[in-house]
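Below is the structure I would like to discuss, written out as structure tokens.
Labels run A, B, C, D, E and F following the written order; every chain starts at residue 1.
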Amino acid sequence: MAATRKPIEYADASAEVRAVYEDIMATRKTDWINNFWKVLAHDPPTLRRIWNNIKEVMGPGALDPLVKELLYVAVSASNGCHYCIASHGTAARNKGMTEAQYSELLAIVGLANETNCLVTALQVPVDARFL
Amino acid sequence: MAATRKPIEYADASAEVRAVYEDIMATRKTDWINNFWKVLAHDPPTLRRIWNNIKEVMGPGALDPLVKELLYVAVSASNGCHYCIASHGTAARNKGMTEAQYSELLAIVGLANETNCLVTALQVPVDARFL
Amino acid sequence: MAATRKPIEYADASAEVRAVYEDIMATRKTDWINNFWKVLAHDPPTLRRIWNNIKEVMGPGALDPLVKELLYVAVSASNGCHYCIASHGTAARNKGMTEAQYSELLAIVGLANETNCLVTALQVPVDARFL
Amino acid sequence: MAATRKPIEYADASAEVRAVYEDIMATRKTDWINNFWKVLAHDPPTLRRIWNNIKEVMGPGALDPLVKELLYVAVSASNGCHYCIASHGTAARNKGMTEAQYSELLAIVGLANETNCLVTALQVPVDARFL
Amino acid sequence: MAATRKPIEYADASAEVRAVYEDIMATRKTDWINNFWKVLAHDPPTLRRIWNNIKEVMGPGALDPLVKELLYVAVSASNGCHYCIASHGTAARNKGMTEAQYSELLAIVGLANETNCLVTALQVPVDARFL
Amino acid sequence: MAATRKPIEYADASAEVRAVYEDIMATRKTDWINNFWKVLAHDPPTLRRIWNNIKEVMGPGALDPLVKELLYVAVSASNGCHYCIASHGTAARNKGMTEAQYSELLAIVGLANETNCLVTALQVPVDARFL
């Protein structure tokens, strides 16, 4: 039993897993599956569940598709998740994010972490106007 | 010596602190200072430094002003910082954020925290295409 | 002076460190010491103190030994600590954790991170029935 | 537009929200809805999505139902989420968790946070036996 | 069974708990016990174990006692733990921490959180000189 | 467009970036620039802004220069930021930090993470004497 789970390729996948892979490729109009799904494929119900969540949350809605990716990258950068910075960063670039916009995003993420920390440590009372 | 620091009102502030308060009000075209600055005012160099950072990072740039506030709210929500959710949430609403957009933002923040956690725990290798 | 500390092998260890290594091996009925202890060995009082904590907390008690390891793995997965996922994951497997159980554990950890984040950001008031 | 969202009672809920409330009550064999769902109800698709995730992940599977609740409580305690400690703590107690077991759970969560921190700071190399 | 544990006063404590309370008071040369210990007292082995850890780690050593308290406050401020900021902040003030020093400490904690976040998100390679 | 940003050497830097590099070298009395600045150099305003923050916060003040570095290392260790542990750890060693002091620092960081977690999970009420 291995400590880490290796990506499962389409050729080696069960019918249940292949069905999710096919929905991912059809939804994203690509012929390629990234490693996150291939690793989740060791647990087919979780693979299907997480994909359905991503498909719904990141699909068309009230926010612009690029803004959605920027928000995903910002949270991932704040949490130090390299895989999600790389994958959602690529998605954001494919949707038009420029390097200047990425620089500003990182500056906001860094500064928010500083002020979140100060505000919480100092227990600043929330102003009545913000309630 | 108190464990928490009380907000310092304009009337009670030193000339050094008042100068920052005035720059905040002029930049934001308001006659009002929120508690974060009033608490930081116990340490005038930090008050000035943090304000200069916020003014530069959140000022005009490559990203839309509303998007900047959305990113700030998203990181603050991810970090559970109630004050910053309230203050930057208000700023975002003033710049046009709708409740539907806020709901989508929260959904993305929640889901990113779930997938950031899974990806990191599973040590998913970054795909070559993302490098 | 090196930035990182290299594991100290039994053969190179002081009598004080060897005594802890021997207690670890006797308690765990093994002839092997893992790297965590060998790195802590640069600071013998901390080595002894942390070992005594682990021995007490993870020893026989009100919770089943496998459940204790599952809880350790869950917290470590939530915190993204690869070493502890690997070491306590191995201990859990040795005590009977199946791959299906590990998959469920990870699903719970991921989902808890999502709902912890949403609940905190939304400041959901705790229900009277839970108090 | 308020900064925080108030719980939506069944009597005030839309048909879409009521349908989820009814599924929660039927699944849990109760006539009561806790505040988490009532606050999520401001965003019906998220209410339905998160409930479906919880229902699937916390439903019958490879791990004992009590163990699942213990894992949820442990992650929530590690993240400092009071609402989830209270709600899943209550669920765990209803499934049989004793105070002695809760004490042991907290001891493990605290110690795991200490060793996760030390191991990561010291960059302890993962032993070959754990791979 | 209550969700939260109330502080246990000396008068209501078992002999086992009283023995720890007495060691705390003797070590600290005070006739007073703070709430952390009174809440931990619901689990006497954890009360004793955590106190022994604090006594050893925060006792005389290579670092100045005030510096030790400053480090404790800094980590607690970074983690947003209000109780520990208040309790170790009081201890630091009793050992001589000035308000100006506390302001500098908070400025460092805030800035470290910003640069920790940026460095990790950008995956800055560690310089050979630092290894 | 690359996912990660490579360090920009002085020879390849713009005049704006070189000016910051020169101020770093002059302030630190060295002829060397570490990778953090070389990676930030892709975004010159952020390079200049973060450097000005570090220069001000870590410059002469109410706390001893070594204590300032110890606090930076402690927060970075608590956050698991390897780059900052290595860079500020080197700075602390250059200012006199011994290995015994570093061991004590890590012991405090680890224990603070344990007690921060326990105190928050248990919602220990802050004692009146600490307010």
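Following the convention adopted for this analysis, contacts are C-beta pairs under 8 Å (C-beta built on N, C-alpha and C of every residue); 3 or more make two chains touch, one makes a residue touch a chain.
This one's a predicted model, so the numbers in the text were calculated from it and none came from an experiment.
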item: Chain of greatest Cα-centre distance to subunit B; value: C
item: Same or different contact residues where subunit C meets its copy subunit B, judged by the half mark; value: same
item: Centroid distance [mean C-alpha coordinates] between subunit E and subunit C, Å; value: 22
item: Averaged-CA centre spacing for the pair subunit E and subunit B, given as whole angstrom; value: 28
item: Subunit D, residues touching no fewer than two other chains; value: 3-4, 49-50, 53, 57, 78, 80, 82, 85-86, 89-90, 103, 106-107, 109-111, 113-116, 118, 120, 122-123, 126, 130-131
item: Arrangement of touching chains [line / ring / star / complete / other]; value: complete
item: Touching residues on subunit E, where the partner in the complex is subunit B; value: 80, 85-86, 89-90, 93, 99, 103, 106-107, 110
item: Subunit A partner contacts - residues on subunit F that touch it in the complex; value: 1, 3, 42-43, 46, 49-50, 80
item: Residue ranges of subunit C in contact with subunit E within the complex; value: 2-4, 45, 49, 53, 56-57, 126, 130-131
item: Touching residues on subunit C, where the partner in the complex is subunit B; value: 77-78, 80, 82, 85, 106, 109-111, 113-118, 120-123
item: Subunit B residues touching subunit A - in the complex, by the definition given at the top; value: 4-5, 7, 32, 34-36, 39-40, 50, 53-54, 57-58, 61-63, 67-68, 70-72, 74-76, 78-79, 81-84, 86-87, 89-90, 98, 100-101, 103-105, 107-109, 111-116, 118-120, 122-127, 129-131
